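Look at the two complexes coming up: subunit A is in both, with subunit B in one and subunit C in the other.
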Partner chain A sequence: MEPPCPPSHPKNALEVGLPRIYPEFCKRLIRLLLGVLALLLPCVLAVPPALAHHVMGRPSYKLNEDSNTPPSMQVETQIGNYSVTYMVFPAFPRPNAFGRINLYAVRIDNGKPFQGKVRFLVRDDSWFRSSEEVIGEQPVDDNVFRQGFIFRHAGDYIITASFEADGQPYTIDFPLRIGQPSRIGIIGIVVGFIIVLLLVVNITQRRRLLNAKVREAQIKRHE
Partner chain B sequence: MIHPLPSSWCLLILVSVAMVAGWALLSPPPVQQHGEISKPLILNWIGSYFRMRWPLLVLKLVMVGLFLLVIFSGLYGTPIPQRNLATELTWNIWWAGLIVSVFFLGSAWCAVCPWQTIASWLLRLSAMGSGKGGSGSLNLPVPALLRGVWPALLLLVVLTWLELGYGITANPYVTALLAMLMLMMTTASHALFERKAFCRHFCPVGRTIGVYAQLAPVALRHIDAEVCNHCTTLECYHGSSEVEPCPTGLVMKNLQENTYCISCGNCVRSCPESNIAWQLRPMSQEACRNARPRLDEAWFMLVLLALAALHGMTMLPIWETWVRQLGGWLGGGSQLLWGFSAGLFFTVLFTVIIYAGLVAFTAALNRGGVGFGRLFVGMAFITLPLAFTYHIAHNLSHLFRENNIHQWLLHPFGLEHGNPLAVRHMAMVSADTNTVLFALQAGLIVVGFWLSMMILRYRGEKLRIDRGWRLAPLCLFALLVTSLHVWLLSQPMMMRF
Partner chain C sequence: MTSHRPKTETHPLSLWRHLNKLRWLTLATVFIMLLCIPAISLYQTYVAAHGYALLSSSQKIFYDGMELLTAPFTDDPTKDLAVIKGNTWSGTFFGLQLSDPLAVVGQIAASLQVYWPFAITALIPIVLTMIFGRFFCGWLCPATFIYELNTNLAAWLHHLGLRSGQHLFDRRLKYLVLVVGLLISALTGAVLVATVYPPAIIGRELYYAIALGGFGSGMVFFMLTLLFDILVARRGFCRYLCPGGALYALLGRYRLFRIQRRVQHCNDCAKCNAICEFGLNPMGDDFGQECNNCTACIAICPTDALAFVVRIRDQPEQGEGHLGARYRKTHGATEQQPVVLR
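Here is the complex of A and B:
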């Protein structure tokens, strides 16, 4: 015996799974949403504008407020009792253009930012490096030490940040690249050295072989 | 910061070591055996691959490609070391893994060494233009002053100074410069001197591998000694019409040491009798019996022991304080490099002085026996397993806990990170992996000490020290070194960068 077909069985696929929308329900929903917004509006207007966003105690916005680009590098390191964050702005520092180093030091044990002064020095990071120069000494500004710079020449430099805390001297080196320093010089030296060396060896060998042939010919003639 | 070896493991090591020391001093002297105890490698197909040129050529091409990549990423990539392939591949993967590879493959690295390969190719290219009969090299004999491993020893100290003192491991640019310097030195040496003098006398990496390879369980040796005894043509030494001669001038008939073999496989390919193959052998065989004591190699082993320990010491959190104080006492102010240089010098000096003192004590206990000089050179082999096993145990930490290989393979120049603020996170190691690592490190230290005692007993017997207790001063030296190694492993280790 065949089971009877249920009376509410849909004949049209459109009837399956689609909610019926009542105009009354929509009106109620809009009224409810407007009510919620009206309640929230005074709360939103009462909140002061955010000056800095603190993530784990670090004023992230303040670090790059003077640059609309991300930093060219960010280095985080630990030295002694401090965790130090170093950033360079803009994203691609170029010769004769203004740039800035931002440094943030915080105690590892209690998360308290360092409040003293930080001295910034720079030296050329080349094989035959020049002497170190002082860029400046910066007091803390909203927990961040900001040091501006302008470099005349492209190249790799080492920035040294030094400060004293708890009677201990702290010195940290960070790399800084300005522009695109020419690397062809080094490769040129290596390739040049190898080519000259092989040429000298080659010429010496040719002369040796030639001398041997001459000697051989002389011996044969004497015989 | 890397997890230190727990005290329970340290205690286990020290108890095991004490038991081995007791056995070494109290048991009857060993029976001397002559000749090699070795058998052809079970996986003989490896030998057949060595007879073909292309597998080695492919490996060489890969290594040359990586070497060039290191140079280019070092020169043009990011200066941040943990993002640059030059520093990561060179110091955290290659330099750390190289020593581990010796344990399994002996001096196999030298067979595919990229700077040697490029230098050889350049010379071959140059030879094409020098006319018929030209080899591309002047083939001058190496001056007597530069023979032995003295130049390699000096370069090893310089390399360690650059690595741990100057901080080349954190500088991609200087790492690339070093790679190019190695290439220049190799090319110059190959172009001036006969055979591959750089590999035999100058290369600090090759000689370190060579010295450690004395303990490797694999070696290239003859299969049948009689075949070699009747050989008059010596293709292994002179080469054949198709295969180059042995680059380091070894004759397989007499070969009993791995020190100068660079595993190039020329002897395997040139032997007309196919009598050369990879052999399996006991780890202690060469250092116990076969290796001939030489003054330069003894010094190399002692300095290697000191430098292996120095690697561990420089990664202790307290090291910087020591170095700063040392620099202050020496008048270098707080300059760390001054302090480090002095620390390196004193570490080597103390190791040699303590060893020499205990050798002198052993000589005094054996009046009428061999003198101080022969004991100093002959017994230096006991330092080899101590240095080797500690070096591997230390490097295992670098390999397992400092690497993030996939990141540098995907972004070798370190510039392609989607998020410029991204900071690298160290590979987290699970508790299980830590336990395995601790077990490996503990096992290595005990095996190192046991091998050292084996060598002490065999070498002692060879040097006519008939009673075990007369070797007590040198046993004490091995105990002191092992204790230092255990202490170093039990300290928290700082990451390189």
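Here is the complex of A and C:
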């Protein structure tokens, strides 16, 4: 049986720097690892490189997660044979600032992305202002339909995306808020007034009204 | 000076009268939930967007307030606060997906096919309706909360001299609304019954108002129904036009739990008839499929003559109450005047 190597006389270069204890075991382990790496190398080279994009140095594989340009709103909906996802960038679009809409449309049955054109329209979502304006018609770009926009005024808008697939027209509405429009409109004021009135009347008059109702019913009964 | 309180008699059934308080608590809770869900959704959007610095001052106040309220319960609002979503039309309640039966029927009509994963979500409400009848209308519907307050407003206006509408129509009108709504849904491919169904409208409109910044046309429609109730018929929309009420009434026709008059305790005071929002005649044993088990009649009955029983049909008319003056006169009752409970 071969005696263990003396600590001061390594047998070969591989042994330099290895732990002095169990040198045979370490050598075998390294060989094994090199073998495994040799086997994995072709697999690693065969895989296409990841198409990650980087935003200010932070890798982001999904635009709606951990991104410096998060969407203000992501809406997913199903219409006909398609599942449609809508996103708006930047997070809180403001008047006179550039923004964009990303729209994805894939078939529900086989997941195949829609490859036609999508038309984007916009209309003011406030009362008595319903004129619609075409923003643009976009072809597919890497399975995404991208539509840029700049709004001059703050407000609530409705974006309409329309396309034709399988001979059928598809039209989907999505909300878009620009800046900080007034949160209370005419209807809000009326609703608020009615709610306050209902609560005040019910709190202050409930017992009296109950008695009046009972009295009236009893009078009717005696009649 | 000593006050003489009336002698009272207690029995287990007197507990039923407190159900009406529980009902109001339930209605208020549902309504508050409908206010909270969009607020939570908005807060979750802000959190997910990592955009606190971009928020306006009012949004920051909202964000900070929500953070203060939710911080004791969660470290990850985007996930943990999603346990209750949707509204009474369709939603998720702690993992349990529930839908209004009208939503499922409307979907079937619009698509002309049954989408089973969605249809199953209406199973629990359907079973509960078959047991408790039109309980959704009385106990959960967010529109009922407003409509009942509105009834008192109508009475107050009447008291001030503005005559409120007391017209009566055929209650079967709402079944026609249901059928026509489903037919139009089938023809257009859109669930159009949801556009005239108050609980769906309220859930939707509250979401629009809080999360998206404004009310839509649905709220105008709902306010018109309030006006209809004031000017035309008391609880007119629920009684005569609501398609969901029609469906619940049909499902609950042979409900197991129903209110019944105990004729031997009835004094014919007619308070139950006066309080009934649906214009039914509890004093005449006429509840039918329209009763939503709201228990208002039980709560107001001074002699505890109304109580829940397990029956699939109403008791046939039992005649005059045994404590009533007319009954005692015709039957020559000479026994001691029964004890008045309240």
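Simple rule for what comes next: the second predicted complex is superposed on the first by the 116 of 223 C-alpha atoms of A that agree within 3 Å, B and C clash if a C-alpha of one lies under 4 Å from a C-alpha of the other, contacts with A are read in each partner's own complex, and residues count from 1 in each chain.
In this section, contacts are C-beta pairs under 8 Å (C-beta built on N, C-alpha and C of every residue); 3 or more make two chains touch, one makes a residue touch a chain.
Computed from a prediction, not measured in an experiment: that's the story for all the values here.
Participant: Which partner chains sit in contact with A:Q168 here, subunit B, subunit C, both or neither? Use first/second/both/neither.
Facilitator: neither
Participant: What is the contact status of A:L198 with respect to subunit B (first) and subunit C (second): first, second, both, or neither?
Facilitator: both
Participant: Touch check for A:F92: first (subunit B), second (subunit C), both, or neither?
Facilitator: It touches subunit C, and subunit B stays clear.
Participant: In this superposed model, does subunit C or subunit B come into contact with more residues of subunit A?
Facilitator: Tallying touched residues of subunit A, the top partner is C.
Participant: Just subunit B (first), just subunit C (second), both, or neither: which does A:E216 touch?
Facilitator: After superposing on A, A:E216 lies in contact with subunit C but is clear of subunit B.
Participant: Tell me the contact category for A:V75 with respect to subunit B and subunit C: first, second, both or neither.
Facilitator: Only subunit B is touched by A:V75; subunit C is not.
Participant: Contact-wise, after the overlay, does A:G185 reach subunit B, subunit C, both or neither (first, second, both, neither)?
Facilitator: The answer is second: A:G185 touches subunit C but not subunit B.
Participant: Considering each complex separately, which residues of subunit A are in contact with subunit B in the first and with subunit C in the second?
Facilitator: Comparing the two interfaces on subunit A, one with subunit B and one with subunit C, the shared residues are 70-73, 91, 125, 156, 175, 177, 183, 187, 190, 194, 197-198, 201-202, 205-206, 209.
Participant: Please give the residue numbers of subunit C that touch subunit A in the complex, ascending.
Facilitator: Per the touch definition, subunit C meets subunit A at residues 45, 48-51, 54-56, 58-59, 146, 149-150, 152-153, 155-156, 159, 209, 212-215, 219-220, 223, 226, 269-271, 273-275, 300.
Participant: Which stretch or stretches of subunit A touch subunit B in the complex?
Facilitator: My answer: residues 70-76, 91, 125, 127, 156, 169, 171, 175, 177, 183, 186-187, 190, 193-194, 197-198, 201-202, 204-206, 209.
Participant: Would you mind writing out the residues of subunit B in touch with subunit A in their complex?
Facilitator: Residue list for subunit B touching subunit A: 75-76, 78-80, 122-123, 125-126, 129-138, 173, 177, 180, 183-184, 187-188, 191-192, 334, 420-421, 423.
Participant: Quick one: in the complex, what on subunit A touches subunit C?
Facilitator: That would be residues 64, 66, 70-73, 90-92, 125-126, 156, 175, 177, 180-181, 183, 185, 187-188, 190-191, 194, 197-199, 201-202, 205-206, 208-210, 212-214, 216-218, 221 of subunit A.
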